[in-house]
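Following: one structure in structure tokens, then a few remarks.
Read from first to last, the chains carry the letters A, B, C and D; within each, the first residue is number 1.
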Amino acid sequence: MVTPLKDNNTLDIKGLESLIEYIISGGVHGLFILGTTGEGTNLRFELRYDLIQRVCLQVSKRVPVLVGITDTSLAESIKMAEKAAKYGADAVVSSPPYYFKLCQSELVGYYNDLANRLPLPLFLYNMPEHTKVYFEPETVREIAKNNRVIGLKDSSGNSVYFQTLIHAMKDNLKFSLLVGPDIITAESVLLGGHGGVNGGANLFPRLYVDMYKAAVTRDFNRLVPIQEKIRQLWYSIYFVIKSSSCHLTGIKCALSLMKICNDFVASPFHKLNEKEKATILQFLEELDYKNLM
Amino acid sequence: MVTPLKDNNTLDIKGLESLIEYIISGGVHGLFILGTTGEGTNLRFELRYDLIQRVCLQVSKRVPVLVGITDTSLAESIKMAEKAAKYGADAVVSSPPYYFKLCQSELVGYYNDLANRLPLPLFLYNMPEHTKVYFEPETVREIAKNNRVIGLKDSSGNSVYFQTLIHAMKDNLKFSLLVGPDIITAESVLLGGHGGVNGGANLFPRLYVDMYKAAVTRDFNRLVPIQEKIRQLWYSIYFVIKSSSCHLTGIKCALSLMKICNDFVASPFHKLNEKEKATILQFLEELDYKNLM
Amino acid sequence: MVTPLKDNNTLDIKGLESLIEYIISGGVHGLFILGTTGEGTNLRFELRYDLIQRVCLQVSKRVPVLVGITDTSLAESIKMAEKAAKYGADAVVSSPPYYFKLCQSELVGYYNDLANRLPLPLFLYNMPEHTKVYFEPETVREIAKNNRVIGLKDSSGNSVYFQTLIHAMKDNLKFSLLVGPDIITAESVLLGGHGGVNGGANLFPRLYVDMYKAAVTRDFNRLVPIQEKIRQLWYSIYFVIKSSSCHLTGIKCALSLMKICNDFVASPFHKLNEKEKATILQFLEELDYKNLM
Amino acid sequence: MVTPLKDNNTLDIKGLESLIEYIISGGVHGLFILGTTGEGTNLRFELRYDLIQRVCLQVSKRVPVLVGITDTSLAESIKMAEKAAKYGADAVVSSPPYYFKLCQSELVGYYNDLANRLPLPLFLYNMPEHTKVYFEPETVREIAKNNRVIGLKDSSGNSVYFQTLIHAMKDNLKFSLLVGPDIITAESVLLGGHGGVNGGANLFPRLYVDMYKAAVTRDFNRLVPIQEKIRQLWYSIYFVIKSSSCHLTGIKCALSLMKICNDFVASPFHKLNEKEKATILQFLEELDYKNLM
């Protein structure tokens, strides 16, 4: 879930409420806040705590809430997890400390330290573009021996890696393997993945829920046109600017055009300008977006 | 197809014949020689020419033969293509010149130069691990305006990229999109890819042909156990040593254990040692390899 | 300066005092705390604030104190800068937000936002290994138009880049260009650099001050043997383990052997074990370390 | 030395003669042909052989000639070395096979294979931007046990690496350590390097010879203004276009403006267009180039 903002230090509270209701109404099976698309690392901690509390309160257990606690300081990650537990979240999600590049044995050590101090179950978050390191399959096996670690979200886009993970974890039936990029969730679910954590579900939650259902039931008549829509969305709305923020700025801009929440993007990024906004509107219309809402 | 060798400068001719017959008997739809797994770039040119001639002669049009012509010199690539045409090959395959890293406009310029001088149709070969550059989707669209360019093999393992390519090329119905890594061919074919060029088909051609057929017909009862086998093979035989040659040295070792051809690997790499060979044999037995041949 | 710790959440206060006095007694021209070697990003904020206060108090303006404020959240960086100003520090140092990779225009935007809200002058900190991005010379020129930005520390090790920076900034006589890696500070100072921010000065501050003085005065009779010592130190103490923490763990281990402060290293890293410690001791003896203190 | 060309397959023979005489008249201590700036990897082999013969003939032992033999095929590298020996060259230069990324033990194995089959002494060529791998200092020590390996040219631009190499090789007094990038040759020579192999010496050989002499004799009154000139040249002529060929296209364009040789650049690159050429001319004038010739 994106984090609706008015400025760097202020939540867009009305937008937040609208967005939560909109997403839940689409039938999603859970909410992940403060991830990459949620700008987790870019927000001050007090705002993150406030967000966790507000989301948990409004969701009120209708679906599980997962909270990103990624930080370079172990102590700050634990503190966020404690807030998450206090406010009623269901699990936490962590990618490796991302200033220094860690080696595999350091990942094992770090996640042992972390998992044992957490009040909630933990999902690993593989995000090598940002953290410079993969959780190698053997490392996941090792970390997952701790039964507080219940799954992994892979945002690498590397399906070779994901298929290898499926093999490595095939005897651990309780471990969830989820995929990040929208555009490959269907194929992952068709061949062994358990689901997706997709940024595009901010915009069209029903579309992504339908994609998941069609993939799980191997209903290609439904799946193929949905996948075409998702490819079209990916290829258009996500790449309007040249920036590592292009996905999230595109999504926020579209959400504001759809009157759901504000399009402010926190520093070091910026919301789209008027010309780029016009491009997003055109892409939305090409997607026939009103029928997807 | 791997290139059976006796030493750096000598083909294993008997092994080559056995390997070709073995692969064709498995039902493959074509042969790709002198690619990455074929050690194309590591062999002297005279040996490459000799290989092209021998393969074309023995295949005798039973299946199409595709020839890797990747080189850093345009003139040498064209010369290889001319040999390929002369000996009766069906198409050529080229990844970008790989010493300097090219930018997208340089890729367009290079492939325009190349395609217009080729006596055979051309497949692009996306191999960023080795060439340092992706063919971006817009670049593929641009290059494919030349109708001598008939397809692309993607060996990046990046399924996000591949799905984006499918979208970008959706109106060019004659353009083939093939996938390299064995372990993701099935999911690619399930959602829009046209086939695979899989190193593992040297070992078990029937298994990969069956995988393709099951994926194309969406026959999950057959596909799921095949995909599990392919994962197991990938996770075992391909990673016995730490080297960028680990796939090909593993395949060549297994082929020699299966009495199909020699396991010599050209400089700068080396064949597996006795201990590693024993590991490969154990993996083959765990795969119940005799039933896969 | 390294951050002496007893555990993840506790400063080694006695060690901190010893270390500060030891370094200042070596004649250094300033102290930089909470940088990469200072484990800034790995410590909880309250501990960072406490450290800033204690260092400023003890230094008592004998030399300038520079404080690392690098964080992925603009608001948290500003808050640290405000603490630094409140406690009497002289300047702050910032490398770019390091989760998302920024492009050059985003660097300009971010540093404009930051510099205008800072109560202290700012040094840029070029650390591409950790932040994934260089400050390109034109970007530095653009950012340095804001006269609150007074210098740049380059830790890339890339002297081509550093020489290009010197050229780009040649008309801005007030802008300081400092070098990170110990082993290239001398050559940088010989050809246009203004000084070094060297981790090794935790161990042997006098050696590094002498190196700087010999380089500035072009006294090669003194400089050559000092540079040989610095190469020997680099090649030994900094690479005892395979980890991106190898410099700082080596330095902390040596400091503990020299009875200056504790060797604890914060999560996700670990202090050296007994065997590695013995290696460090041997290296110290080969350096004739007692004569360097 | 750049390779003067009329087109992809034709040497600019008159330009070649002029260039050789011009460079030698500047006082250089040797010529390196078929390196990166010499477009070695981009030319067909017959043209490379022809170039070797012509250069050796014209130089006629006035200075040593070093020949780049870098290729992905060991056999083709050896064949080039044999041509070089036959035509009277003095040494060969090799960077690692550059399609697959090699590991350190593979580098050792490859260079043992190569060195023992060469008719001429060998320089290693560290060029990680193009080959994806560094020669680690311990690897250089190991390879240099073979006394046919007489030196290393480092084009990484990473002075930390170069200083570490100096330390690693300090007991091998016969091993030459040379630096590639023009802009850091002076500082390398000031602190232990033995010389430079500088692309800019195609343009202004006397300037680079003077830089070397001033650095070796530590004559800063002469060195500082020369280094400023070299920085200015680097910052202007080398970066007119965005391409990994920008150095060599800039040099060739300037050489044609100086009436020394043709500006054709081999595929996959292109010579500068008229507008870019005008920019180069302006830069040359800002350098007061006629006084540097």
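The rule is short, and it goes like this: a residue touches a chain if its C-beta (ideal position, glycine included) is under 8 Å from a C-beta of that chain, and two chains touch if they have at least 3 such contacts.
These numbers were taken from a predicted model, which means no experiment stands behind them.
Enquirer: Listed by label, which chains are in contact with subunit A and with subunit B?
Expert: none
Enquirer: Trace the shortest sequence of touching chains from subunit A to subunit D and report its length in steps.
Expert: Between subunit A and subunit D, the shortest chain-hopping route counts 2.
Enquirer: With centres defined by CA atoms only, which chain is the most remote from subunit B?
Expert: Most remote chain from subunit B, centroid-wise, comes out as C.
Enquirer: Between C-D and B-D, name the chain pair that shares the greater number of C-beta pairs in contact.
Expert: Looking at C-D and B-D side by side, B-D shows more C-beta contacts.
Enquirer: Counting only Cα atoms for the centres, state how far subunit B is from subunit C in Å.
Expert: Chain centres of subunit B and subunit C, defined by C-alpha means, are spaced 49 Å apart.
Enquirer: Using the average of all C-alpha atoms in each chain as its centre, how far is it in Å between subunit B and subunit D?
Expert: Centres of subunit B and subunit D (C-alpha means) sit 35 Å apart.
Enquirer: For subunit C, jot down the residues that touch at least 2 other chains.
Expert: Correct list: empty.
Enquirer: Where do chains touch, given as pairs?
Expert: Applying the touch criterion to every chain pair yields A-B, A-C, B-D, C-D.
Enquirer: How about subunit B: which of its residues touch subunit A in the complex?
Expert: Answer in residue numbers: 137, 157-161, 163-164, 166-168, 170, 181, 183-184, 186-188, 190-192, 218, 220, 223-224, 227-228, 231-232, 234-235.
Enquirer: Spell out the part of subunit C that touches subunit A in their complex, as residue ranges.
Expert: My answer: residues 8-9, 36, 41-45, 47, 70, 72-76, 79, 96-103, 106-107, 109-110, 113, 129-130, 132, 242-245, 266-270.
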